[in-house]
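Next come the structures, one after another.
The two complexes that follow have chain A in common; it is paired with chain B in the first and with chain C in the second.
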Partner chain A sequence: MHYSVYGRRHRPFDVCAVYGEKGSEALVGTMAYSGKTKTASRTVRRSRFKKYLPFYLFISPWLIVFLALGLIPLLWGLYLSFTNYDGFNFNSVQWIGMSNYVQVFRGGAMAALGRTILITVINVPLGTAIGFMLAVLLNTKVKGVAIYRTIFYLPAVFPVVATGLMWSAIYADQGGMLNEFLSIFGLRPINWLGYTWAPTALILMLLWGSGGALLIYLAGLKGVPQSLYESAAIDGATPAQRFFHVTVPLMTPVIFFNLVLGIIGSLQILLQPIIISGGSLTTAPIMPIYLYMVDAWLQIFSLGRFSYGLAMLWVLFVIVLLLTLVVFATSKYWVYYEAPGE
Partner chain B sequence: MVEEHGRGRNHKQVPLYALIFFLCAIFIFPAVWTFTNSLQSIAGPVGLFPSSIHWNNYVRAVTMIPFGRYLVNSFVIVGLAAGIGTISSAFVGYGFARLKAPGKGALFIVVLATMMLPGIVTQIPTYILFSHIGLTNTYLPWLFWGIGGNAFFIFLYRQFFMGIPVELEEAARLDGCSSLGIFGRIFIPLSFPIIATTGILSFQGSWSDALTPFMFLSTNQWPLATALIGSSDYSLPSHPWVPLIPVVDAATMLFVIPILLLFFFGQRFIIQGVVTTGLKG
Partner chain C sequence: MGSKPSSLRNALLVAGVASTAGVALFPLAVNAATVQKHKIVTVTMGFQPNELTNGEIARFEKYHPYIRIKRDPSATNPSDLAAQLASGNAPDIIRIQGAQQLGSYVLRGIAKNLQPLFNKSKVFNQKDFFPAVNEYRWNGHQQGTGPLYGLPETWSQDFTLWYNKKLFRQAHIPYLSPTKPITWQYLMKIAKKLTVVKNGQVQQYGFGYWGGLGTAASQSLMILPVQEMGKSLWSANYSHALFSSPAAVKVEKMWVNAVKNNLGPNPVNKNPNWSGNLFLDGKIAIEMCGFWFEGSIATTPPVSKDLKDIAMAPTPVWPGGKEMSPTGAATGGVIWSGTKHLAQTWTVFQYFFGQYPEIYRVTHGEGLPIQKSFMKYVPHQTPWERAMLKWQQQNMKYQLPLLKYNPYLGLMTANTAISQYLDPVYFGKASLSQANGQLNSELDSIIRSRMQLSKK
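So, the complex of A and B:
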């Protein structure tokens, strides 16, 4: 049978109500070709409409908002990136072709992208390795796993704003925890947020959240069949060998997936450099942590270069899209769901 | 790496525990230090532990800036985004899980695709559009986004609803129940875990979002997340360039309390949500 949100009772002339779902399909077939009576075919069309209506009604909130505030702004933003829109010339924007994009590939944006890639190259593999090692540690039969898991995972739950404020206090010149700590060992204070150390400071802060993928790794590790370890042990494999020849190969799909997600996330780092610099949302951080998204954001909201900033965002969007396609193309290797083992 | 050596393993595990405790200490230290530092005297010497406890840093944190107003703003945004978004996503998720219509498969691929879309690529044009038609400086955008639901949550609900036995639904159909009735009377009452998961995750997301409010709202409409960034109001009144770090730390602690409470009480739902989808929250 078929149904609508109006309920059954309000459809007295419904063909389907008489013939049932299969019957109505057959009716549609015969009537469409024989074209007996117009009224009958209209009834069928209406009945099909009513049959499918509930689906469209249920998804309509998403569909309407997606079209109005997703697809249209997306395409309109793409259009604006080919214009000279600067925030004030809304009614007189001019098409300037590829010029914004040419500038993205020639100007300071590429330097910012280079710094972003440098930070990503260090941050993502380290973060992935730390997250995975934490999961491996917790997958041994230690007591109190729930507590350790909470401690390792918690930093990933902290809002970026809170993490940034906490760490900028930790890095502070005067009364910062880290320099205080160094002085205990007789070491000289470091200007953590200065030119030399700022990227290191940023990466340390990002690594604090390495436990974010812990839960996924733990679920994956629980899925590794115990029998594999047993047979490896019988064959005389050391724990290290078991780790590198059983655990790691079986986990590579999950690790790879998280690596790609990590890269996508790391390329879009925006708030952290701004917050640890201690300025407002329109203050530029110092050069070594002036990353690509920070640049795009400030071009728009500090300098009013909307169309240029949108071009920057679209370049990054295409990069992210390509990375995402890699994930989807390889998804058959990493999708093996394991029930959450508590 | 599973040790299976019977009784002898307790001795072998000592280094393992030592390593875990050491790592726990490192990971928890920034948070603990933020808390202890929030109790430091703003004038006194800095130490890893406060020499005397100064709760009045918390008083300063809420009085030196209009903390209460920002807090209310935060809750307005969370209410619209998380409250409405959770319900709306459930509706859409039910449609994709249980109802049939042409184009459903293609539309679901669109939902999945939007999950990977960096939000800012659509938000900035939306901001331009809204500021042109005068919808900025209102919370209406959050109402709209709430109604539209969230692709990730739609996906979560769909996965969950697909696991509910069809027999329950068929029995209700035979009794003349409409799709809306089935959704409200059968699916929603069975869905507490997934409602909790999406509710917690969207609370976290909207509570932490600082950039969107910065774009769409005026200063006195900002939520805490936006207002706390570079808040130069937490400084010595006589020397505005001297930040009062213990007060900033106190404000940070107050800001994360709701997230921490939510995390501790809802941890199992978060774990469930993260693990079943293989995505980070």
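So, the complex of A and C:
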């Protein structure tokens, strides 16, 4: 028997499934007895309307907010990306076709995208691994585990601006905590935010927040049946074997979920490079940490190229979509789903 | 603008003056406000709470029962303001840095021509205005002449030098002349001597700049020396950036060396503290800052404890160049062209820029008044305040000419592009000629598109 996520698979036209057994009998009976098809279809529509009305009423607050503050502004932004909008000429915008999109692929945006992908390639696997390992450690029964969980989850609670300012003070060349610490050992200060070290400094800062996915990992770990560990132990599996052959496979859906979110989040890094650079929100960070979203932000709010910045954001949307599809396509090779009945 | 330090002396002085002014101007204000009888109108001001306090709003509303003032600090954020303008909800009075932004606001049709209102005003005497107010004049092509579009809150000659005599004595450097400006080259030379480095860590900086991009090239710190040489950073009609010109390159080389020698907080050697605070803390020997810094110096220890060691010196000059000491900000306001309550907005405008709040700002050492007759409110109670005031009055004659900011670039564009393309030069990753080529090309492209938009 094949199951869908909602239970037994529906037949192509299953009146019973839609109207219930009693409703369908009445409906079919009415149609056969009177032969008045118009009345029947009106009854179907009314019945369908009554059935789905509560659903739409319940989701209407979200739907209205999504349409008003999500979909419509997004589509409006898409339209503006084909115009010469500069933030102030709202009443006289002109359609300029694909020229903003052509500029995205010709200008410095692609270099910024390359740096962003490089940071993502390093940051996401490391962050995923650290987050998962932390969750495994914090899933053990040790004294004070709740305190440890709180401490490791704390970075996820801090606002990104506060975190950025804190790391900026740590990395500062003059009077920075890290260099002050090095000076205790007579070591010369390092320019952590210079060309050589800035990407490393940024990645370290991002990894500091790896505990953000802790709750999801912990929830996943709690869902791994204890019986599997017991069976494996009876079969003579070592703790390492139990980890690699029981924990990891059963956690792959959770890892996959965090991986997809991690990639999307990493491609959208914006405030961290700007804030640790120590300038204002309109000051460009140095080139090694001048990432794609930073470029889009500065193009819009500093250089006043609103429509070009919007084109950059739509290009990023397509790239994120494609990367997500690629990751989804690979998932069949490494993500293990437990199917009912198997 | 600095914060508003409180002192009994200043409070009493302001209270006395303002109550007199308030009562005297009450009939005028009520006349303007009662244009629409019994209909309460709200005027929105895009200013910060430290610029327009609740007390100042309450005082106004007490005398103007038909006008309410709503303060909207979010409008000081350019992105928020852009959204407000796009949706037709901009504040009636918009805060701008006149020196750098007026042109772009007039060209985009955002700022309203206020000259007819100034001509009828009984609050403002235009003959009483300092020349720095001309930052808010626009003649259709450039600032300085033409009708008035707004006013500064206060103003300062933003490139004058505050210096710490104690640190000069320690470095065996003679004090600066109060009247004869030093050259930029001499400034760099003594700043290097005043910079103290221990184990690679800077213990004391020689020279800080309060704004822009720190002790490095920025729009203002490029335009000023270039203009002193009699040249411009822009072509005649502002259509091209001239960062590759010999004059600009000379200035850029000076700033590249300043960064390499770490004379002050800069893009390579960042310091989490604002340079003004470092000066107040005795960790910067020379701070380039206007008279608006006086209030903070007078009230912030440790410098406030030894005020006799703090002095002012004229704006540096390029060798053989013209001596000038203009303003670099002239932060103030314009009236939005889309305002629906011009009469009421003008009443609020006159109050904010010409009455009690203006007196409060000047009395608290936040800058120079826009009207010469208000110079009497500049702090002058202590010998140090009197000495600073005397020095400032001597330096007034250099407030013109105004700096030539590009009206198509506005406040942030040039500095963002400068930081993007000159940072690699500071780090030794690009040559100056490479950077200038990219910088000119980037700025020209932005100028071109904005020129096209402004023609429509």
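General observations
Simple rule for what comes next: the second predicted complex is superposed on the first by the 242 of 342 C-alpha atoms of A that agree within 3 Å, B and C clash if a C-alpha of one lies under 4 Å from a C-alpha of the other, contacts with A are read in each partner's own complex, and residues count from 1 in each chain.
Please note the rule applied: a contact is a pair of C-beta atoms (placed from the backbone, for glycine too) under 8 Å apart; a residue touches a chain by one contact, two chains touch by 3 or more.
Everything quoted here is computed from the prediction, not taken from an experiment.
Applying the stated contact rule after C-alpha superposition, one finds that A:90 touches each of chain B and chain C. Look at A:283: by the touch rule set out above, it reaches both chain B and chain C.
Of the two partner chains, chain B is the only one touched by A:161; chain C is not.
By the touch criterion stated above, A:200 is placed in contact with neither chain B nor chain C. Looking at the shared chain after the overlay, A:175 reaches both chain B and chain C.
Between chain B and chain C, it is B that contacts the larger number of residues in chain A. Contacts of A:99 after superposition: neither chain B nor chain C is touched.
When the two structures are aligned on the shared chain, A:54 is found in touch with chain B, with no touch to chain C. In the superposed model, A:330 makes contact with neither chain B nor chain C. In the superposition on chain A, contact of A:303 is made with chain C only, not with chain B. Shared contact residues of chain A with chain B and chain C: 87, 90, 169, 172, 174-176, 278-279, 283, 300-301, 306. Looking at the complex, you find that chain C touches chain A at residues 78-79, 82, 85-86, 108, 110, 199-202, 213, 265, 267-273, 410, 412-413, 415-417, 419-420, 423-424, 427, 429, 446, 449-450, 452-453, 456. On the side of chain A, the complex with chain B involves touching residues 1, 3-9, 52, 54-59, 61-66, 68-70, 73-74, 76-77, 80, 85, 87, 90, 134, 136-142, 148, 150-152, 154-162, 164-167, 169-170, 172, 174-177, 180-181, 208, 211-213, 215-216, 219, 226, 229, 233, 239, 242-243, 247, 254, 257, 261, 264, 268, 270-271, 274-275, 278-281, 283, 293, 297, 300-301, 306, 309-310, 313-314, 316-317, 320-321, 324, 334-335, 337-338, 340, 342. Chain A contributes residues 84, 86-90, 92, 168-169, 172-176, 179, 183, 186, 188-189, 191, 193-195, 277-279, 282-284, 286-287, 290, 298, 300-306 to its touches with chain C in the complex.
Against chain A, the residues of chain B that register as touching in their complex are 1-4, 9, 13, 16-17, 19-20, 23-24, 27-28, 30-31, 33-34, 37, 40, 46-48, 88-89, 91-92, 94-96, 99-102, 104, 107, 110-111, 114, 116-118, 120-126, 128-129, 132, 141, 144-145, 147-149, 154, 173, 176, 178-181, 183, 204, 207-208, 210-211, 214-215, 225-226, 228-230, 232, 243, 245, 248-249, 251-252, 255-256, 259-260, 263-264, 267-268, 270-272, 274-276, 278-281.
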